[in-house]
Structure formats: structure tokens, C-alpha cells
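Quick notes on the structure that follows.
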Amino acid sequence: ERTGFPEIVYGLSKTSEQLKKIVEKLVSNHNKTLVTRISKEKATDVMASVPGGDYCARSQTLVYGENEPLDEGYVLIACAGTSDLPVADEAARTCKWMGCRVKTLYDVGVAGIDRLLAHRELIQGASVVIVIAGMEGALASVVGGLVKRPVIAVPTSVGYGTNLEGLTPLLAMLNSCSSGMSVVNIDNGFGGAYQATLIMKLAVDGGHPN
Amino acid sequence: ERTGFPEIVYGLSKTSEQLKKIVEKLVSNHNKTLVTRISKEKATDVMASVPGGDYCARSQTLVYGENEPLDEGYVLIACAGTSDLPVADEAARTCKWMGCRVKTLYDVGVAGIDRLLAHRELIQGASVVIVIAGMEGALASVVGGLVKRPVIAVPTSVGYGTNLEGLTPLLAMLNSCSSGMSVVNIDNGFGGAYQATLIMKLAVDGGHPN
Amino acid sequence: ERTGFPEIVYGLSKTSEQLKKIVEKLVSNHNKTLVTRISKEKATDVMASVPGGDYCARSQTLVYGENEPLDEGYVLIACAGTSDLPVADEAARTCKWMGCRVKTLYDVGVAGIDRLLAHRELIQGASVVIVIAGMEGALASVVGGLVKRPVIAVPTSVGYGTNLEGLTPLLAMLNSCSSGMSVVNIDNGFGGAYQATLIMKLAVDGGHPN
Amino acid sequence: ERTGFPEIVYGLSKTSEQLKKIVEKLVSNHNKTLVTRISKEKATDVMASVPGGDYCARSQTLVYGENEPLDEGYVLIACAGTSDLPVADEAARTCKWMGCRVKTLYDVGVAGIDRLLAHRELIQGASVVIVIAGMEGALASVVGGLVKRPVIAVPTSVGYGTNLEGLTPLLAMLNSCSSGMSVVNIDNGFGGAYQATLIMKLAVDGGHPN
Amino acid sequence: ERTGFPEIVYGLSKTSEQLKKIVEKLVSNHNKTLVTRISKEKATDVMASVPGGDYCARSQTLVYGENEPLDEGYVLIACAGTSDLPVADEAARTCKWMGCRVKTLYDVGVAGIDRLLAHRELIQGASVVIVIAGMEGALASVVGGLVKRPVIAVPTSVGYGTNLEGLTPLLAMLNSCSSGMSVVNIDNGFGGAYQATLIMKLAVDGGHPN
Amino acid sequence: ERTGFPEIVYGLSKTSEQLKKIVEKLVSNHNKTLVTRISKEKATDVMASVPGGDYCARSQTLVYGENEPLDEGYVLIACAGTSDLPVADEAARTCKWMGCRVKTLYDVGVAGIDRLLAHRELIQGASVVIVIAGMEGALASVVGGLVKRPVIAVPTSVGYGTNLEGLTPLLAMLNSCSSGMSVVNIDNGFGGAYQATLIMKLAVDGGHPN
Amino acid sequence: ERTGFPEIVYGLSKTSEQLKKIVEKLVSNHNKTLVTRISKEKATDVMASVPGGDYCARSQTLVYGENEPLDEGYVLIACAGTSDLPVADEAARTCKWMGCRVKTLYDVGVAGIDRLLAHRELIQGASVVIVIAGMEGALASVVGGLVKRPVIAVPTSVGYGTNLEGLTPLLAMLNSCSSGMSVVNIDNGFGGAYQATLIMKLAVDGGHPN
Amino acid sequence: ERTGFPEIVYGLSKTSEQLKKIVEKLVSNHNKTLVTRISKEKATDVMASVPGGDYCARSQTLVYGENEPLDEGYVLIACAGTSDLPVADEAARTCKWMGCRVKTLYDVGVAGIDRLLAHRELIQGASVVIVIAGMEGALASVVGGLVKRPVIAVPTSVGYGTNLEGLTPLLAMLNSCSSGMSVVNIDNGFGGAYQATLIMKLAVDGGHPN
């Protein structure tokens, strides 16, 4: 509870048995929890034992309950194409569960700059933007140049060859010529969402410390 | 002016002549500017030609004027030791020039955890924390675990051998077991400060978009 | 027998047939052996043919007999979470079989520093500490700062993206700001335990050479 | 003469003496040559001995004579800022000497997308575009998305930290989400220009082979 | 349609359902499309629903319709051996569908230089050459030295150990001692073909911009 | 004093002024200190201001006072040749200052295995061995195979090309086929000595914790 | 036939059908061939169609006929343990088929230097030595130091973590402190054997060129 | 004397004083020695003290006396251009001092294949070929394909950007599609020559072991 949010469970290396126990305890204590990186099989097991869960296969997230709404502005989640959707959805589901209003812009790539710029208002209206991009990660720089608000960049492992399983967009984003951008681990939609939400929470609290 | 702040000048690959012209123009238009990565020699040249500048050799920054104060909370800049001070000062001077209240905690390392924890209040009282660390970068994870507010981590090239000129703390910070942390380029005190300030600005604006 | 301990068998690239023969010979000559990285299938085959073995699936180790107890102090094995347990168990089983007293501290991470510090006595009471950590490996630095005794750090491949299959915590541990730490190969719980035990053996022998 | 262009000299690892001899021979046989990566000192030596040369310090190129004009369309050379100018000029001087018409667009970065798009006609009017970019190299992807003609991308070592001396923009450009782009070595303005000119030459020849 | 060619579909991360919809739309609007990286299973699904497709298993490409012929010269696709054929075929099928005349030279390696040179006329008669090579990628340099026309080099992941999944031939090609070569991503036969075709298109258009 | 040894000062990034102050304080409080990575110039400055220091240029160490002797056994410091001597001396001086008895074996390389084996008794008589090796680092494996006691391996940046500034021997040592070896950072003679001394201290204390 | 040996077939990326045809042709023309990296399934197919083959599963080689004996001295193939045997056998079978006399030394590692040195005569009696080693590859340096004759080192991908799939022993071998060693690709037992045999052939020919 | 050749001295990290002593001793005992990587300054010092030396500045080698001639065939040293000459000369001087007959082919590159092939007889007449190449290292593969005799490849750090200080040609040579090639460290002309000479020595000895 250090952050004001109940613990979030990283499902990957846990068994169904372990997950059931943890989720049971968190839900009975807090009425809510979020499990990330949980397969359909394990989610089915957990939901059979702890009712009230909502599973999303594409993002591999299982959600119980929700947190207090953060009622100012919105977090925009932008990505270029179908391959980044699992990461984008992980980010979106995490933000929503944590209380953020979320808008998404899922079909924009820098190779079609006009299609991206057609959404200028949506982009510039956001309080925080999460940009999710694989390949060369250039979307982050372009979006970063458009907004005055903080951008959190999430590189993805989408691509092949010199994408180097996401290292290339990661390094590119860290070198962005747009100021006001910071970066999280490859494919870490959860991490990008968490940071974006802490920013929104601070803003809703008017900048006062915890 | 896209971000509400006048342009910041990257001094490294510019000559005294080029810098003089740019600074002159920015100061005459906005009464303020910040030049980063500017050597003492070049700064002296610029200040001879454009009066009113304030140069700091350790951080290699030259400052003219200041931006409106962001009057809520403070940004904490934490680092472990003497070697990281140039980066820490670059961050501090950038934050201040941009209007933030800044506090610093410059002599804490994870090898002496009690000395760090003695400053728990200062740390937890911050609205945003910038953690600057070379070596293995572990300070970011420990500080990140202590606060509910966003942490911006700046890896530095301080260290030798397997520090790999800062790549090791960079990668470590991106893998932090503390949530709520995002990362900027190696030695990029400016970048960490810029992101922290955008967050403070959003908070002062109550979360409303630009 | 160069080290005073009977040969330990690396099971990974050996067939059941090869393992049976080696184990048979070692057990008949020394009444004891340790096989690491042995799958359940192969262990079942070996135990069917050489009775008296004790298999542990999580650590993939098969144990016969035991060595003389090293009756001073204890080795502490510390790790942060569920994902590092296979490596931690490999270390614990190796230390025990070699004669060490072992204590474990398996649920501490630097993101929750107070939970870790609650075990200060256990940590500082150890003669040697083995720290096992994936992600960014920061636990090693914090524990290293708490103790005056040697720390052996074992990086693990737990994590994703920039964890780089354990290279990141390895490099981080080699750059630790805590002195008195040395490092073994990624996921090498056995190697960490072996080094820790040699240290305990030397201590029990009062520092005299072999 | 295999390519229809007289030999071009790589000046870096050659002495003034060696360069004088080579240039003398090429100029007396062909009335023209191009020397790249030649310092001011060496260029002065060569020009003292072989009159008629034209030296440019920023691009470190020395030019004698010129090739037949390629009278269709133009090659556009685009880069973001002052730091990339030496590479851009190397490209421009090479293209011109080889006979191309050249236009340049030297002050556009993706962080200010509107300033870039203000030059849409210039960009889309080019027959071939050479994009020169350091940092994260995103300019190549955006320009590539705007034009139907071939883009040659030249990554530069401009940047620090995770720029990795140009490897990051190189890898990013190879992963570009824009089709119709190919890449040359880091800081290789000459190589980009050479490839662009071969393309222009083929076009002027109407697509017929040599 | 930005490039004058209808959209090409990247099949890898799309489901049969998604592919059917996209192909249906493209074929009904343009009477043609190209899908790359599409498995036999998915291609069968798509062809069952949209008749008129032509699938090639080795290159994993599915083709509908064709573009206007580019009636000057030919693109030569050269590779050394059987292992590079999937990439070579992807390139050949892309070039043909886009309208190029294509010739292939599929059994030449630099280890048998005379066998390669026996095809000198075929090689030097090409307007553009696509060289596809794994292992050490030396074929590109040798072919590049033989022709006056642009060479597009496609490194492949064929090889083991220090081939580093194609990084070695990629880096080698970028360092080629032959001028007039540019490089695309590892195994990117499509990308090489696309760039070659843009060059042919420009040539057929006589060098005029779009 | 956490480790029972007064603080050791890392001299590299500190000025003469800073070093004078620190050394003055440490010497007046503890009558002893060790400064590593200190140039001759800075050492001269410090010694002029704080008398009683002993400087060694090859190892770049400055020593004041000494710690209580650890009177059991000895630490052996082994290296292959002249190039590793600065690192070996840093280790030797650190061990001695910390109280260890030290023996050295400075002219043995695995390419002359018999010369190495001629010192078998010296090697096997050590309580702890520090092996310092550049190039391919094989000395560590051979020595590790000869002794039953802990080996601390220190890779050095001696070598060129594929030595990769010490990364190659580092990685090799971490993969050693000899058990009972752990590794510290490249060129970190200090770190190897510190760990060896902690081991000796534990042994002298009979294995009892702090 | 350029080298005096009939073509050797690399089986990995070829189908049973392709292999049958190639082997048929080579055997009918030369009465002999060698296929490397061929699975049991494919070998069975080929042998059913072309009688007279001899398949070895561990080395994945299929042999037909043999070359003229090279009747001087012998090639020694040395490796440390069971895991390197597939590569060692590939080397041994290749050498034998090419006509060399082969001796093997398969159970020696540098961690047990005396066991290795017990074979000094066998080692020093060889005309050429092929050393095959994974882990840290130190065996090559020790053997290289013992012999006056050429050593060909073959690194293997045996190991885990920092072995980096064979890159670590490769780099270590290239940095060997023993002169007279050259290196081939990771796991390339064939390549090591081929080079060793060319050396034997030259020697048998008394040093005269082809 | 293990190899039948007196010790060769690596001059780089030794002082003039150290070199004088070593050379004095070797020359007085054996009448000959070779010092590599020795600067002009140090060589002048040594020659002043030990007369009879022959220094070559380009290859940084100092030679005293000579070894018995190896009177069969010749070693060919081939490289592409002026930049590789220091390494080529180091190889040539080493081979000659060790007794080999040496021929050189210093102006051939794969970009001009016909110029290379004009020397086919010289190339195919060699008993051993040392190929020295920077950039992409393709010369080794082409030469390797032309000869039946062993090729030793020496990659050089000549090039920039993705040459990665010689790693790229090193990796490329290890992946060569020509069999019968082995590789030594980057810029290691000495090492290539040493291996070539051991091969010649074996051949002159008719393949008999030492």
C-alpha cells in the first residue's frame, strides 16, 4: 500500500495455486487487485476460485474491483499498429483499473504523418501521453514534439532483425530529440501505465506530496 | 515555445560565435534562456557579449533570467557521491531555472542504507524525485520503493570496467523492481529535470491539459 | 577430491545412462554425491538404479549422503521473490550437502526496504551471505552495505527486456558500490554455494591452508 | 573508372606525400577528383602542389574539376541541426561534384513536425532524398513516409550515452516503418551521396544498364 | 497509395480473420495486393475467402493482381545458395508484383569466384542488383565491384555461431569497400525489392519527381 | 567503520583539495587510511599537507598507517606478466594495509604451464588466492583447479582487439570450469583484495559472524 | 575439387529430397562424400536411396568412401568433457574421412591440470592439435603452451549465462597468451578439422604449393 | 624455446629500461630476437644500448639476427590497401625473421576483382596465405576460395562506424563461406605470421611432430 494502490501481481512465474492464494487474500482485504502476464489457463483457474474477475486475453490481464477515479484530464495511449496492441492494452487496462480516464489512438504511424496529425487535438488534449512503439520507435519523438505534457515511452519487441527484441526502439527513445520524454522497459505496458498514473495522481492532488 | 518554456540551447557542438547569436536572440525575445554543456571558455565569450548570465562550471550551464515559479511541493534531487555532482547540478540548475522548488540530497548511497533512511522525510515529502546514480544504479530502486510519487532515474557514466560508460546503471534502472520509475539517457541531468518539471507543471495546473 | 569434497555432477547434458554410471561409482566410492541441473525424469531413472537419493524438483538437484558439518556460524541465502527460488534452492541444497548450516531469507526486495531491514539481525549474524537477485540486482548492494562479512552475489535471468537474460544484474553486481562482494555466473546457485562453503571451510580451519 | 566516375580518394589514413601523388595522377589523367576526410593541413599541402582545388573545412573535402551534369530532378539532402552539418556537407559536395543538382533542408527535426511539413513541396519534389540524422534517427522515417521516391538514410554519431556512437540511429533506420529506405554506414555522407547519384544516373539514362 | 503502389500487408502478427478482411478490402478497391510473411495455413484461409490469390510457400508470400510493368532493364537478384532462397524469393516475388522485370542468379558464392564471374554479362546488364547473402556477406562487395549501377544488399540470418543471426553480414555490408551499395534489415527481401523497384520506377519516369 | 576497517577513499574523481580534507579527517580520527586511483600529482599535494603517507606510483595508492595483522596463513597474489602489475600491486598494497600477510607470484602464465607448476607449494599453501589476468584470463582456471581454498579472480583490460577492454577475461572467469572462484570488476585490484581480506578476517575470527 | 577434396555437403537447411540428389551425384562421380549437420531422419532417407553410407548420430555426420591417407604424424583432437563430444566427433570424423590419422584425448580439463599433463607425450607428439572447448575455453591456451606445432581452436556453445552461446570461449581463444593458435567459428568442428587437414596435406606434400 | 624459436617480445606496455634488459639478455643468449609494438623512441633507446638491431617504423618492429631458413614454398601476405600496411608489414617482418620466404600482394581489393585475379598464379603458388583485411574483410573469403592451401585471416581495425574497431571483419572471417581458413585477433599481424610459420615449419619437417 506504499503507493496508495493495492499490490499488483506479476503472474508470469507463478502457478495457478500460488496465484489463487494471492488473489484470494488481496481481494478479501482490498476488494480489488490486478494480475498482469497471466495466461488464459491460469486466469480461468483463478476466476473459478475467486469470482468477480474480468480477464482480457490480448493483454493477459485479470482485474478485480477498481480504484478511485482520478477525475482530471485523460491519459492518451498511442501506438502505430496491430502488433503493439497487447502492450497497449496492458497499459490501458492498468491505467483504467488505477482510476485514470483513458483515450486511445491505435492506428497511427509516422510513415503516415498526416493520419497522425489528423488527431492533433486528441493528442494535445491529453494530460499525459503513453507512446507505445516497436520497429524504430520514431512515434515517440513525433508525439513528444507535439505536446507540452509528459510523455512516457514504451518500446516494444515488435520487429525482426535489427530490432534486437526491442533494444533498438528503447535506445532510440532514450536519444529522442524531443524533451519531456522518459522511458520504461521493453514491452512494459504496465510500467508505463503505472508511471503515467502516478503523474495523474500527483496532478489531481495539486502537486502536494504524499 | 511549444512547451511554454523558451528554447534551451545544447552548447556542445556549437562555436562561441554560434552561441552568442542564439543567446542574444533568445534573451532579447524572452529575457531568458538556458545553455547546457557549455565550457567555461565559450560561456565567458557569450557573457562578454550578452550581459546578465550566470555560469556554473561544475554543471556546465549558463543561465539567463528565470521562468514563473511552480509553487507547489518540491523536486528532490538525490545522488550518492561526489562523482555524480556534475549531472546532479545540471538537473538542479535546469529545474530551478524552469521554476521548480528544488531540494537536494547529495551524500547518500545504498551501501550505507541507514544514512539514506535518516532522510526519509525529505524523500517522502517530495512531489517528484530525480535519482542520479552511476555504478550499479541501485539507489533508484531503493528510493523508488520509499515514495508514492513519480521517480525519474538518470544513470551516469561514473564507474569503470563493467559500468560500460553508464549502460549498466541504465539497464539496471529500466529493470527496477520498484514501480513508478522511468528513465532518461545516460548523464542526461537536463532531460531528467525537464521531465520532472513538466510533471510539476501539470500538477500545478491541476492535471488539465495544455 | 582436490577440494576435500567428492565430485559434483553437472546433469544437464548427460543422459540417464551416463548419469547412472557416474552416480553409481561416486556413491559406491564415497557414499555421497550431488547432481545439479537434473530433470525429474532423469532423477527418477538414477534413483531407481541407485537407492538412497533425495531429489528436489524446484532446484533440480539430486543428493546422496552428506559431508562433515562445518559447525561455525551460518550461511545466509537471501533473495527477493518467488521467481528466484529455483536458484536459491540450488544454493541452499548445495551448501547443506557440503556441510554448512544454512538460513534463508526469501521474501525481501529493495522496493520494500523496511521489510528487509526487519531482518537486520539475521543478516548481520551470518558468516557469509549469498545474495540471489534478478531484475536489476540491487538487493546485493543493500545487503552488502549491511554486513562486514563476505557477500557472494548470484545474478539471475529473472526479468524481461533489458534484463538481457541476467546480464544486467550481473554487470550491476560487478559495479556494486558496496565493497566485499564478488560475483558468479548467471543462475549459478551452485557456484555461489560452493564459494561460500570454501570460505566457511577455511574459517572452520582457522585460516590455515589446505 | 568502373562506375563512369574517376576514382575518389579516402584521405584519412594517407600522408600528404601519398595524397599529392595520387591527386596529381588523377587530375592529370581526368582533370578531376574528389578527396574525402582530408584535414586542412593535408589539403593545403596538396593544393600547393596541384593547383585548382577547392577545399571545404566543415566537410573535410577537396574537389578538383567536376563531372557531367545529371540534368533531371534534384537530390534533396535533409538534416535536423547544426551537429549533422559536417556529414550533410560531405554528402552535398559529393553529389554536386558527381553532377547532381542538390537542394538542402538543414533545419528540420521531428520534434518540430510543423516546421518540417512546411517544406513538404521541396521534400516531395525530390527525385532522391538523403536523410542525415543522429540522436534517434526518426527524421528518416517521417521523410520516408512523405515521399514516393527512394530515400537513402545516413545515421550520424551525433548524440551521447545510448546513441552508442551512431549505432542507435543506424539500427533504428534499418527498422524503419517507412518502406523505400536503405541505409549506409554511420557518418558516411559520401556513401549516401554516391548511392543517390548512381540512382540519378540510372534515371537520367532511362533505366538502361551500363 | 502514397507511393503509387497499393498497400502491402505484413502477415506475421495478424490472424486469418484480420488478414481476410484486409485482403478483401484491398482486392475489391485495387484488384491487387501483396501479403508477406504469411503461413500456408493463413494463406489457405484467405484464398478460400478471396479467390484469385497465388501463394508461394518458400517465400511465404500471397499475391493478388499485378502492377503496371516497368519496361526498362531488369532487376537482378543474386544469392549464393539454397539457404538464402526464401529471402531471395520474397524479393523476386515482390519485384515482379510491383512491375519489374526480374532475373535471378541463385547459385553463386564468392568461394567459387569463377562460377560467379561466368555470369558477368548478366550481372553487368542489370539496372539494379539485389544481393542476398548470409554467412559473411562478401558476395555483396564482389558484385558491387562489378557493376556501375546501384546495389541493394540484404543480409540474411543464414549461418550459425558468429553469424549472430544476421548481424555479421549486415555490419559487413555496411562496411563494404565497394561504393554504390546500401543496406536493408536482416532477411528483409521485401524491403530490398521495394527499394529496388522505387529506383526502377524513378528511372522509367526519367528521373522526374513524383 | 561498518566493516571494521576505516573508510577507503576512491581518488579518481576527487580534486587535491577534496582529497586533502578527507585524508586529514580520516588520519586524525583513525591514524590510517588508504587512497586508491590517486595520481602522483595529487598524492604529492596530499602528502605535503598530511605527513606520514606512503605513495606507490605503479599501483596509484597512498597509504597512511595500518590495520591489525591477520596472523593466519597468507593471501597469494598471482599474475602472468608485466602488464598486470599495476592491478596486482593495487591488490597487494590493499591486502597489506588491511592486515593480511601477502605473497606474490608475478611471472607465471598458462602458456608456460611448467613454470607455473614449479610454484605448486606456494600456490597450494595459500589461504586465499587472488588471480589477476588479462588476455583470455585462463590463469584463473588453472590456479583454481590447483587449490582447495577460495579464489578471487580479477580480470584486467590488458590486451587488445577482442580483449574488449577486459570484458573477455571477465566473461571467461565467470565461466570457469574450476569451482570455488568468484569474480570482481575489471582492473579492480582493490575489490579483489578487499574480498580476500574479509575472508581472511572471518577465518581469523574462526567463522563467527561480526 | 578446388582443394583436392570432393565437395562436402552442409545438411542443415536441405530437405531429404535435396540431399538424396546431391549425395547420389557426388557418390556416383567421386565414390565419396561427407554430409555434416544431418539429422538421423534425413540420413536414413539418404542411405535408403544411396547405399554404402556410414552415419554417426552424435556428430550428425554421414560418410561415403574415403580420401587418400595422409601418412605422416597424426592430428590430435582434445576436449574437456562429455558436452563437447558432438563437436569433437564432427572434427574427428571429418579428419578421418579426409585421410588424416587421428588421435583423441577426450577427458581432460584445465581444472585438473595433472590429468591433462599425464598425456604430455600424446599431446606433444601430434603434428597438429585441434582443441575443442566451451565454458571459458582455457584448454586451448594450456595445450597451445605445450606444443610447438599449430593449434586450431574450436570454441563451443557449451555453458550457460555468460558463455553467451560460445562467444566467450571464442573471444578468449582469440586473446590467448599462447602463440601459434588460430580459431574457427563456434561449434565448427568441421571447420577446425578442414583447416587441420589442409595443414597435414601441405606437410605431406613437403610444403610445396598446390 | 618451447617452439624452437627464441622468445618474441611484446613491446607495448614495457618501458625502455625493461626492453633494454630483455633484449640484451635474449641477444646475448641467442643472437636474435624480435620486438613487436615498439615505438620509434623506445627502439632508438634499445638500439643505442644493444647494437645490430633493425627497426621498421611502419610495422613498429625491431629485429635482431634471424632464424634458419624454411626453404620450401613461400608465404603470401595479401592485403587491399594502404591502411592495412602496418599490420601487413608486422606479419611480413615476423615471417621473414622466423625464416619463411615471403611474397606480398599489397594492392588488391574485392571491389576490383579483376585486378586481384590478375595475380592468380602468385596466390595459388603460395604454401600458406595470410590475408589481412579491414572494412568488411571479404578479401579473405575470395582468396580462400582460390587456394587449396591453408589461409590465416587477420582482421584489422581499419574502417569506421560499423567496423566496430575490427570486430566486423573478425566476425565476417569466422563466418567465411570458404573452408580452410582460421582467424587470429584484430590487428594481430604477428599472430597470423607466427601461425603461418609453424605451418611452414611442420611442412619443411615433412609433417613429423616436434
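Here the chain labels run A, B, C, D, E, F, G and H in written order, and each chain numbers its own residues starting at 1.
As a convention for this text, contacts are C-beta pairs under 8 Å (C-beta built on N, C-alpha and C of every residue); 3 or more make two chains touch, one makes a residue touch a chain.
Just so it is clear, the structure is predicted and the values come from calculations on it, not from any experiment.
The set of chains in contact with chain A as well as chain D comprises B, E. The minimal number of chain-to-chain contact steps leading from chain A to chain H is 2. Path length between chain C and chain F in the touching-chain graph (shortest route): 1. If you match contact pairs by residue number, over half of those in A-D turn up again in just one of B-C, C-F or G-H, and that pair is B-C.
Centre to centre, using the average C-alpha position, chain B and chain F are separated by 36 Å. Computed centre separation for the pair chain A/chain G is 52 angstrom, with centres defined by C-alpha atoms. For this pair, chain C with chain H, the centres built from the Cα atoms lie 47 Å apart.
Chain contacts: chain G has residues 2, 112, 145-146, 161-162, 167, 170, 174-175, 179, 185 touching two or more partner chains. Pairwise chain contacts in this structure: A-B, A-C, A-D, A-E, B-C, B-D, B-F, C-F, C-G, D-E, D-H, E-G, E-H, F-G, F-H, G-H. The touching residues of chain A, when paired with chain B in their complex, are 2-4, 8, 70, 72-73, 124-128, 145-150, 152, 170, 174-175, 179-185, 191-192, 194-195, 198-210. Residues of chain H that touch chain D in their complex: 82-83, 112, 158, 160-162.
Across the complex, chain G is touched by residues 2, 12-14, 18, 157, 165-167, 170, 185-188 of chain C. Within the complex formed with chain H, the chain E residues making contact are 80, 109-113, 117, 135-138, 141-142, 144-146, 159, 161-164, 167-169, 171-179.
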